[in-house]
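Order of writing sets the labels: A, B and C. Residues in every chain begin at 1.
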């Protein structure tokens, strides 16, 4: 089992701004980054201080969405540069991780 | 596009202990940290080994809640010191991240 | 308040492959790792490019599941080695974190 350096990237979205679909098309279909997952928060506060919460989680249309993916650092950085214009400044966070791999490529 | 160092902080809570409201008031209203999101797990095990699970996710009242925020490292550290008494020892985890920013401040 | 080095481990699963139960039994019951949480994504794409999405989140049986735990680095590494055969190559990601602790052990 080998270890491969990778970069985890997290993008903070809101259900109300409809960029998720565009981002997924860009990241998955075009850039083909790996390990893309989308999680829905139950409450969140943006930089603006505006609260996004759900009393009835399945009915709310303005909850925080967190899109994450990881890939080789150079590919992840290229993806960040490509998607940065989709989201407001400060909404993309990244950190280095280690991926367990049986093969030598990430 | 510039890169800013930041600290991601994760706090492990349970729906049953009612500290989320206090934490959000402290973090958001008082300390004004950025990027606060709350996610509900579907299953979890604390340090005690007690299981928190949901067969009917919307009806369970004791699922794990994960509160996360990120901000400048010094602000995040101050926030950790401020909120540490709200949760048991070992329930706050942090790591350094990079934030994409068009401006020079995080 | 002291700081303890730990390792966060994330395992990417799918609801359809039924390994969650085995993993939890292994991690929690046998290895007794700390801070195990399971989160369900609302959409995800594996390395294969196969899409896992939910239009009706509570009815879908093939959504991404993210299992996370953290523990002392040596214990987390041993856990990774133990569980690696449960999941495809490239589905386990880890990174170093800091845990706030009143005691000296993680």
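Note that in this section a residue touches a chain if its C-beta (ideal position, glycine included) is under 8 Å from a C-beta of that chain, and two chains touch if they have at least 3 such contacts.
Just so it is clear, the model here is predicted, and its values are computed rather than measured.
What's the rotation angle, in degrees and to the nearest 5, for a C-alpha fit of chain A onto chain C?
To bring chain A onto chain C, one rotates by 120 degrees.
Taking all residue numbers at the chain B to chain C contact, is the shared part over half or under half, that is, same or different?
Counting shared over all numbers used gives less than one half: different.
What is the distance, in whole Å, between the centres of chain B and chain C, each centre taken as the mean of its C-alpha atoms?
Comparing mean C-alpha positions, chain C is 18 Å from chain B.
Listing for chain A: what residues touch at least two other chains?
In chain A, the residues touching two or more other chains are 39-40, 58, 95.
So in the complex, which bits of chain B are touching chain A?
1, 6, 8, 24, 28, 32, 34-40, 58, 65, 70, 95-103, 106
With touch defined as at the start, can you tell me which chain B residues reach chain C in the complex?
For this pair, the touching residues of chain B are 12, 39-47, 49, 51, 57-58, 64, 66, 80-81, 84, 89-95.
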